[in-house]
Structure formats: structure tokens, C-alpha cells
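Got some structures for you, see below.
Across the two complexes that follow, chain A remains constant while its partner is chain B and subsequently chain C.
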Partner chain A sequence: MKREVSKIGIFIYDCESKLKNVLSISEVCSKLEGLGFVCFESPASHFNEAMSDFEKYLKDNEMLKVVIAGCDSRSKEQIFKNSLKKVGLSPYWVNFVNLNEAIGYKEKKKATEKAINLVTQAAKWIEMQEIIGTQKVLLNQKVLVLGGGIAGIETALTLTEGGLDVILIEETSHLGGGAVAVENLKGLVKSKIEALVNEKKVRVINSSHLVDLDGHVGRFTARVEGEQKLIFEVGAVVVATGNELILPIQELDESSGSLAIGQKDLENRLSLSKDVPQRVCFLIDLVDEDLKISTQVLLKQALAVKEKFGSDVICLCRDLKVSFDGGEKLYEKAQEAGVLFFKYTKKPKIAFSDEIVKTSLINEDYPHEKLVFESDLLVVNEKIMPGRGSNALAESLSVDLDSKGFFQSDNVKLLPTFSSRRGIFFVGGCRLPQNINETLSEARATAAEIFSFLSKEEIELDLTSAKIDSDKCILCLTCIRTCPHRAIVVDQEEETAKVIPLACQSCGICVSECPVVAIELPLYTNAQIIGQLNDVVGEAG
Partner chain B sequence: MKRDFEPKITAFCCEHSGLPSADMAVESEFVYPEGVNIIKIPCSGKVEAIHIMRALEEGDGVAIFACHKEACQFLRGNLRTEAKVTYISKILREIGIEKERVQMYFLAPSNGVKFARTLRVFYKNLKDLGPNAGRKEL
Partner chain C sequence: MNSKEVAIIGGGVAGISAAVALTDIGFMVHIIERDVQLGGHATSFACKATDKCSKCLVCVADELVLKASQHPKIRVLTGSEVMSFSGKPGDFELRISQAGGEESLFKESVLKIGAIVIATGFMPFNAEEKKEYGYGKYKNVITASDFERAIRANGAISRPTDGSAPEKITFFQCVGSRDESIGKGYCSKVCCSYALKLSKLVKSEIPESDITIFYMDVQPTGKDFLKLRESCEEMGIKFVRNLPSKIYGYADSDFMRVNNLNNNTGEVVQDEFDLIVLSVGMSPQNDVKFLANTFKVDLDEHNFFKGLKQSTNLSNTPGIFLAGACQGPKDIEESMAHGRAAAAEVVKMLREQ
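Take a look at the complex of A and B:
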């Protein structure tokens, strides 16, 4: 069978003459032309200069598919894709080769052979690449926000700034969430609530909760129950249910009374300028591993108590985590101001007796010695727990919870507020214990993310998602179970599994799990991958 | 005889960790053995058993580079592949091919050093093992 290879153009870029020293480009080119491809050795040393030449060449020679070989071509993918679009070619009909791989070879002959191999394989790959179709998809431009805390309110407000309609559902009878109980946040929360209530694009529904969520991104159907049963059609869902603070004092001792308080209570006392006793002992890391927030609060409060009231301040801690902004500096400042820090490895003993708290721990430097601190007030850090309804909510949204019971983000570093399902987002404390600034910026960022794909009513989607061959499908449901994004559903009429292109992220996990090989990923077909395994030069020789 | 033998390795690289690491390795000139054929895949979970077996027909060893556990872009793709590799090692034992020829490595996206080092170690191990008995005769 004659292969149609003459429409495949191969562009070789010798960036900064790096390649010339190790391999012979003309030999690579002649070999490839021998195989029937069209080879083009670019005189330009840099990609950006070559773009207009590149476009002109494509047009003049009526190229269809392109292979780009160069030194750092993978990082320039987008530039080439854009210029292919400009010429009117499919941006998926391009493949990139990193010829740096060949540079590691010591002999010139071997390096050239390797380069030929690399380029030919890429050309073979792109030769098998079929047309990627497009599909028009209608999007619902409403957004459902769950939770009326500061995170939910901020998200809703930012979304309305972008012109989207928002439905906000709050489980309790009032807005504000946990931030209302903190004195110095009250003003901020109040102004935000006022702005929200006055906003016409937001519909606030109190004392209700989400029961069930059907559908996929752009087209969710949410059932909400409360005073009345409601059904909404929304395009995206934001979960901002927050977390809960639990004082571990009951765990310490029941006779503590008002001698032991949480960090939040002390914060309120400080902002109301109430008196703080002369001797204060901070004790953190009794319960929680996630220390960043507690450390930040501890250092700030210890400094404030020391500076405002001149109290003796002692901090007992297992560890301090100063990874927040200015943490190390704050710690040094606290030490200079005279705050004493003691490290413990064994849990300190705490005894309460007439207005005095006695905390005793083993001296780390002299293990036979015991340190006893008397203080008038003991401040402990609160345990930060996931919200009460997290489990049920995660089940009805079919998203995952992490080991502690918080909502699991899709990728902690790259996509922190994304869930594993496209169109569902986690904002604020329900994902990770965090402070108010982080929550606010996260809320705004998420709103921008939602706006970027819900801004149009209709979008044209490239069908790079997995495809299921309905004739082969035996409806074993393996793909539905293994899909990490819940992008596959059962088509009852045709009795086959069906991929939802909008929800699919083209990972190919279903492809490799399907027992009857009914699924194919258009950009990484089986034939393409197996075609890569043969050594081209070996074949020819 | 063993000294002349040059193992051929097929490296399946996840686009999210293995491939950036490979790019970094070549850019920073961390030397890894010749005769490594890098194949890009969207997620290590995309590797099928048949791909690994076919790669063993063509070469002497297969290395799969995946993201760290619990850091998979697609949640559990790498864990699925790990199970697949265990399954394949059983098949290999039955047909009398050393299971050490198929290895899975977990690495971060910017770990060119580890990429090169693991391949060097793998190459040396393959050299000690000798040519793959199941490889197609050319």
C-alpha cells in the first residue's frame, strides 16, 4: 500500500548550532526524503524568527501534517499550534521531536542514526493521526455555590462581577459562616453580606442543603431540599462548606473552666481590648499535624500579649511551622521581645488548681529534670475538622475526600481548587485549613476559572476525548468504575457506555482497562503507540 | 560475549512526570544510556499489558516512568499501572522471561537526575541479565 507521506513536512531547527557539532543534519534530511517525506532545514537559529517563513512554506507547498524537530520544541508547542491554526490546518496535526536526545551520543554516526529514528517515529505517529472533530456544546451559565461563609460569599460576588447568575445555598439560617464569630472579621463579613443581599444576580436560599447532583459540567441538575424542594439547572458547582473548630480542652481536663481557652477566644479578647492575665502559657500541637495556621496565630498572639500587656509569655510546642509569609521573621521578633519557646516530645502534663494552671514537661536538654510552669491562662490551638456534612456531600457530588476528611483537590500543586470532576470546585476551608487572605484569593481565582469557561453560551469543543466503539462495548461497566473524572455514563437506549466529551480529560485510563478493547484515545491510538516500538533503522537495515 | 551486548530499552514516559524529566535530563546533559526509546503517553495508566509485551518482543527491557503515588494527575492511573506490572511479572515468570526486565519508577516532573540514574542502573542490570530470550530475531 502506498503511503501518503508527501504531505508531511518535516522541519529541522538547529537552535544555536548545537546540533551541527554532533550530527549531520543533511544526512538526516536526505534519509527522510528517501522515505518519501518532505524535509525542510530551517536556516533560522531560533523558532520565533522562523514563524513567518514557516507559515509561508506551509501555504506554498500545501502541507497537511507537520513534524517539528529541534532542541526545546516541546516548550514551543503552542506557538506552532497557533500558526498552524492561522494557516488553516488542524493544530493536532503536528508532532514535536526533541533532538537533544541524540546529542548524548558520542559518535556522530550513531547520533545521526538516533536523530533519523526519532524523526521518522514522530512522522509515523503523525501519519496515523486522524482528524479531530469538533462538537458544539451548550453551556448553562448559572453557578451553584454551596455554603454561605466568607469563601462562598466572595466567590458569588466575583462571579456576579463577571455577569454570571449565582444560586447560593446555606445550611443554617444566616450567612457569614465561621468568620462571624471572630471579632476583627465581623466588619468585613457584614459588608460582604450586605453587598451580596443587594446583588440582584444572586439568589440566596437559607436552611437548605444539596441532596443530589446529576449530569456533567455545563449541565448539572441539582436537587436542593430545605423549607421547600427545589431543582436547579447549573453549569458549575462551587463547594465552600468550610471547616469546624473543636477545642481539645475536654480532652485535657474537665475542671479547666475558663483557665484554658482556644486561640479564637484569645483573638476575640485581644481585639475587644479585654485584659489578659500576667502569666500566659501557649500550648500547641496537642491534636493537629497541620501546624501552619496554629503557628501563625500563636506567634502573632504571643507578640501582641507581650507588647500590649507586658505579660510573661511561654510557648510550649512540639514543632513550629514557619512556612507562611514572614514566618521566620515573626518568630525571631517574638524571641527578641522575650517570648520563651520550649520544645517537648512527650505530651506535657496539665493540672488546674485555684486560678493557676501548672504545666510540666521533661527538659529536653537534661532529661532527668522536670520543668514546671505556672500560669494564669492556658491557650491551646483548636482542632480543625472538616465540616459536619462533608461525607454526605461528597457522596452526592461523587467526589473524593482525603485521609482527614477534607475535600480532595485534583492536583494539590497544579490545580488546588479543582475537584476530580470537571465543573466542581472546592474553595476555602473545606479543602485545607487556611487563613482568611488565602481563602479570599482562592475564591476570586476560582471565580475567574469558572468565568473562563462559562462566559459563552455555546462553545466549540475539540473531540480529543476517548471514544467508545458501541459495537464492541459489552457494557461491563469497567470504564465507568475506573474513570477518575466520572466522564463515562451508560446510554440506556443504545445499550453502550458513552463518554461525555466535556467531562473527559483524555487520560486514557479507560482505554487500557477496557477488556474488549472498545475504547480508543484519538491522540494516542493503539496503532500509534505500537508503531513506536519498532526500530526504524533496524527495520531498514 | 556479554560485553558486546547493548540492551535496548523502551521507556514509557507519562507526559506529566517522565517526559519533562527526560527533557530535563537531555537538556542538562545528564547522560543516560544509548538505545533508550522514549514513548510519550498521557498518563502511565494508559500503558496496556500488550504494549509492554510488544515492547519486550522488540527490545530487552521496559521502563515505565510515572508520577509519584498520590500525585497522579488523574488520581489513580499510576497505581493501576503498578498492578498491571505485577500482573505482567506473573506472565513473564510463566513463559520464562526474567521479571526484572519490566520495571516501574515513580518520579517528580523535574527529576532529570533520577531519570538518568535509574536508566543507567536499569541498563547495567539488563547487561548483567544478558539478551532477552523473547526478543524477535532480526
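Take a look at the complex of A and C:
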């Protein structure tokens, strides 16, 4: 590759004349011209004008690489990069210098020297940098969905709308998950199941589970076991394995027997039209007080019990978590129907005797008053637990679980269903128990994300990923262990560690971990590191 | 046939998220934004980081705006509004007017598109409607939107009367929400979360300040909510489950008085504050009726656009989709996901064409 200093352009701009007052931009420029670079000083005092100068400058000069220096240029990186793209230059062959830091010097001479230093450093660095290549990568346009509950079904259905094929693996012998047992969701779930089994682009495999996943985004290899052993090549994986409900027995009394049941048990009773006794006490928030789903179920069931059986219904909760569509209305309706609500801060006492449950608590509205309720049935919310197989599944996927054992999302600023590994997503209750609308919306959003990526057979990828020098690598495996995105593998033939460009997220962790300094990150140049340091120092000072 | 083009009405976080997702799938998108700039409400709110990022996602809105305004496949039409509309799904004509031009008149144009996404967001509740709180009358009674904007603009927390740091601050929750008496029988979902984060921000900026949150119920959002609430309590922020019914001002004081119930003794106590923040909820946009008529889409009982049961992104009119807070209160995270989900619904409809 040819390296010509003269093909490296330096562009310096000012904003609100901040720089001009403290340093001599023309001196910086002439110094760099002296070193053989082509320097341009924008006279504009506003960023927008500087941008049009920049575009003109690019057109008038034949350049390969650019250094852009100015106030706060880092935050404007994207805008500059777009202009570079427009004239056909690589958006990676640019280095940004933040001259704000030079302003810190009181003397004009010192400040100018500092600026010369910074720009020269950046220019020399970029001079040494190689062109970031691109690589064509073939994508597998199939998606593996794990779990055939409502989240998995909706994701699968939406994926097919985007033209992708789906393999849906369900652990049990039937589709639908937890929602099939819920009276008011049954219909919806049934119609979605029907749509799914009629969809030619979906292959449903019941009574099976994933045993192993290899590869990386765009090209995963999944081994599935069940009645048969199967192997699939897929481009993305969606985990939608849901959760499990456990009666919080330790919060109740050993002697509770059948006097205390969970919300799910009651749901079954209601859907089987079994009788419900005359006095029912709902007590929620003993566990999982930060999940609003228990309130939603409480309101629905309290109203159903009241309307169907005319029972006396009392509801005890920490907070009425009505922040779901129609929540407040449902609460009002229940009150109008005669359901009584009391909130507690201190946990109520529960005693079981002679087929009667006694619940006592302090009335928050009248603190001296102790309330005691006798009822024939106590309904509590179950604790929502991660699915039993979550640990093993997380291990075979090399992804993280949160402190409670649910799948841990990685980037809420993009989409909460992103995992730490590219191409693997967590949808529905296996990540966070939510209600049906929220779950469906999250499933569709995730599918949109996947088909925007997998809708092409081939993509051209900028090689901005980490690079390992195979001559230096001693195969100590440190980087393989520390890469949070599972982007490094062993290349047996070459006897070196190797980065998978598609999976690498250029975080730089491996670079600092390698004991023999065999790893480099093309974009994370020293100058940029210095620039960032300067920003930090600038902010602190 | 113009089914590869989509119009999005409203360029808040939901609209932009829908737009970006659609372009990723190969669509060309027009964003019709009434305001002079993109971003919606979130771009006027404050970063609520203390020593740590609070994940309020306000900064994401700025990133989305940058992304949209740079995007080669997104055409941003600011200062523009819908006038009328005709056609059938896959083949709509949308007449819009855009402010500007040399004579700064309105110019009209017609877009030929395949689908329309309504993402017009919400309006913060107009606190003047709650006369008993004296918003507009007492200077140190402000809304959370005012508060957010002031923090963003000034970078400092001050009381309006004299610009000095407030000593006793309180948040009144559920202002303009969960209140059937004013036709707002719904929870706005976001105000508990933002009030807790704002109160933490105030406490860390002004450690000697005394903060009370008057509330009915605390609404959890997201995974780390319990931690957030506990950290507020650890910092000494007080939670009182009782909403005072009235604010009493004094003629020549920075302070105001409220009566409330002491939860331990059951007695009514008087308390004084020099900054009262009304945690206003989300009300429907002011022109929803016009849009509902124009596009023949239904509104729900509170005048948010009504989503269908099988998907809240679908309106009752084929080809007209819904995204974000215009369909009902949502925080930024949910609005963004809802926007992307709307993109998926658009693809589905146009495939079926």
C-alpha cells in the first residue's frame, strides 16, 4: 500500500471563535504544512458553515485520509463521517482531535504548541494506519426461536412476515406456554398458534431443547435434541423460554394447606368453573413487589370472583400497580363492584385455623386501627422464577443471567432484548415478566431488528474488529475467556487465537488483557485514546 | 405503486424508532413533524444521572434525532402538518402543509405512500386545571416538565422566586392522572419513575435539601426499580402515602403550606415547602380529534388512539399504524420498542397486499 503524506489532509475549524482568541490556528497549519501535510483552516465561526467548508475542501483536494481538529469534534464525528462517505472516502480513515484541551493554557504560545502537538500526533498516527478493509459475509436467513409461548410465537410469526424462515423449539409437547391457562388470553393464544402451525415458513419441533450453540451472528450452528437429534444452521437466536411460578410457601404458614393458593391455581379454578368460597382474601406483594403483573391479575380475579360468586372480596397489597393499559379503570370497576382494598407497608400477619384464614394489618389511613379479616380462602401471588433450564441454557449460549437468574439484557439504550452476544435476543418473561401487550410489542420489535439485519443474504462488513497477530499469540486463551461477546475462538490449524469480525463489538477488552500485546483494535487509535482522556480531563476541570 | 414509502406523523422517539427500523428493512420514510425540530418531549428533559447513569434514556432521544437527520433514507419535514388524506392501504395520498419558503408562507405538497404511522405522542397535563394547587399563581409551584426543562437549560436546581437553591422540596404524584373527576381515569406510568430519579438528582446536587414525595402508589418500571426506591429511602427522601388536596400560599414568602396526614400518628400535620413539583401525567395531544377524523381511526375513552387487541400497533383502519405514547402512556424505552414493533406491522401489511 502506498503511503503519501501529501494525501493526508488536516482540517481545522473553530466554533464561536473560541479557538482564535487563545491560539494561532494559522501557525498550527503552517507547521503541519511544513511536515508535508495539506492543511486547511476554516474561517467559519459556526459549525454549519464549517461543514460546508469541509465538503468543499474534500472536493477540491485529492485526499486519502483526514485529520479533523476543532472544538468538541468528537461529538460531531458522525456528521463528518457522512461527508467523507459522500465523496467516497472511507469513514474510518479519519482521526479527530479535540482542541478544547489546548485552550486550557493561558499563554497563546503554549496553547499553540499544544495544539500543534495534538494535531501532529493524530496525523502521524493516521499515516501509519492501514485501510480498514471490508469483508463479505454470507448470512444464514433462518432464525432459531427457543420457546413456544406467546412471546416466541409472536416473534416467529413476525419474522416470517419479514421473509425469514423460523425453527421453533418447544420443550413440552404443546405450544402456548403459560397464557393458554389464562381465561381472557386463551382465544388470542389459540388464534396465534393456529396462524403459526399454518405458516409454511415455520418449522415447529416439540419436546426438544437446545444442547449446544456454536458460531456467531449470521452463522450459528445449533444442536437440538428431543425425539431426534437435529442440527440447524441459523443466523440469529431468540430465547423466549418464559418463567415459572412458585407458591411462596415460606411467606405463609406450614399449616396453610389448601386454604392458601396461588393466583395461577385460582385461574385454573375459575376457568374450570369450580366453586369459590364465600369469603376470599387476596394478599399480594409478599414477593416480587416490583412486578406489576400481580396487580393486574389481582384486579381481574377479584372482579371475577365478586361477579360470578358474589363473594366478599378483600384485597391487600403494598401498592396498586395500575400502570398498565386500562389498569386504573379496572381498579375503579372492582371498587364499584364492592371489592375492598387495603394497602400495607408492614407485612400483614396470617394465621390459619379451622378452615379459616385470619389476616391482620395496620390500617394505613387510620394508623391506630388494626384490621382483622377472616376468610375461607387466601390467594397470594406466586413468586416468578426463571425457568428451570435457564442456567444450562445461558451456559450453552454463553450469555449472562441477572442477579435473580433471568436473562440479562445488554443494551437498554438500543433495545432491551439485546443480549451481550450479537445475534442472540431475549424476549418475554425469560428476561422480565410483563403483561401481554408489552410482551407482544417487544416480540415484534425484536423481529423487526432481526429482519433488518438478516433480510440480505450477504452483507459487507467493515473490518473494525480486533485483530490478533498470529506470530505473537502464545495461545494462553486469556482473550477467549475475557471477551464479553464471545468473539474470539481458537484457530487449530494456525495455532492462534482468532477474532470473528461479525461477533466482535470492538470493545477493546481483549487488547488490554493480552499478556504479549498481540491484539490491536484498528479504530481505537492511540490518538483517539488521548483525545478521550482529554475530554475526561476537560470535563473534570 | 408507492408501497415502499411510509409517512410517519410525529418525530418523537417513537416516530424516529419506527423510521429507522423501516429504513433498515428497505423503506423510504417521510417524517412529518409539526415542531421546528425532531425529538419530541424527551429532547427537552434533563439527564438524571447522579454518580451513576439512572437509565432514564433521555440522551437516547438526542442520539435518535442525530441519526434521523443524517439518514439518507429519512426525509424530515419539520414545521409540517397533515391536511387531508385519501386512498387505500398500499396506495395512500397524504396532503401536507409545510411552513417556510421565501415568503414564509405555508406550502402544500402531496405524498404518495403505502402506509402511515401515527406517532404524535402526548401533551403534559395542563396543571392549571387543578386550581387547588395554584399552578400559575404561586411561582414556586412548578410542573415536572418545567423542572426538567429548567435543569436541562441551567444545569442547576433553583426555586423560581429568587433563583436560590430550594430547602424543602416536595413532589406531588398523580397530577392529572388517576383522577376520574377530571376525566383522567388512567395511570400515566412514567411519573413515579421520573419523580424518583429527579428527587435523587436534587438530593445529590443539594445534599442538605429535605425532600418528600406525596403519592398514592409507586409504580415500578423495569428490573432495577426496587433498588431505585431503596436508594431514595437510603438518601433520606421521604415517601408519604397521601396526596394533599390543596396548596396554600403566603403573600410575601417563598414558602407554601400543605396539610397532610402523619402516617404514624394519624394526625393532620402542616408542612411548608419552597419548591413544589407537580408530577404531571401524560394527556392526549391537542389535535387527536382532527387526526382521528382525518384517518377514520378510533380513540379510546381517554382520547388516546385505540390499538387493537391482537396488536396495539394496529388501528381499526388498515394501513394506519400507531406508535408510542399517542396510543397510551409509555416511557421512552417502551415508546422506542413500540415504534420498532410498528415497523414490523407495516412490513406485514404490505406483504399481504
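Here is the rule we use: the second predicted complex is superposed on the first by the 309 of 541 C-alpha atoms of A that agree within 3 Å, B and C clash if a C-alpha of one lies under 4 Å from a C-alpha of the other, contacts with A are read in each partner's own complex, and residues count from 1 in each chain.
Throughout what follows, a contact is a pair of C-beta atoms (placed from the backbone, for glycine too) under 8 Å apart; a residue touches a chain by one contact, two chains touch by 3 or more.
From a predicted model like this one, the values you see are computed outputs, not experimental measurements.
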Contacts of A:Glu449 with chain B and chain C, given as first, second, both or neither: second
First (chain B), second (chain C), both or neither touched by A:Asp400: first
Touching partner for A:Asp265 - first (chain B), second (chain C), both, neither: neither
Partner chain in contact with A:Ser512 - chain B first, chain C second, else both or neither: first
Which partner, chain B or chain C, touches more chain A residues: C
Which superposed partner A:Asn437 touches (first chain B, second chain C, both, neither): second
Partner chain in contact with A:Glu364 - chain B first, chain C second, else both or neither: second
Partner chain in contact with A:Glu307 - chain B first, chain C second, else both or neither: neither
Contacts on chain A seen with chain B and repeated with chain C across the two complexes: 412-413
Chain B-touching residues of chain A, taken from the complex the two chains share: 72, 74, 98, 100-101, 103-105, 110, 114, 117, 400, 410-414, 420, 482, 484-485, 505-509, 511-513, 521, 523-524, 526, 529-530, 532-535, 538
Residues of chain B that touch chain A when the two form their complex: 8, 10, 19, 22-23, 26-27, 29, 31-32, 34, 37-39, 41-43, 45-48, 50-51, 54-55, 57-59, 71, 73-77, 80, 84, 138
Chain A-facing residues of chain C, complex: 21, 24-26, 55, 57, 59-60, 63, 66, 70, 177-178, 180, 185-189, 192, 216-223, 225-226, 241, 261, 263-266, 301, 307, 309-313, 328-329, 333-334, 336-341, 343-345, 347-348, 351
Chain A residues touching chain C - in the complex, by the definition given at the top: 78-79, 82, 158, 161-163, 188, 191, 289-292, 319-329, 332, 343, 345, 364-368, 402, 406, 412-413, 415-416, 432, 437-438, 440-445, 447-449, 451-453, 455
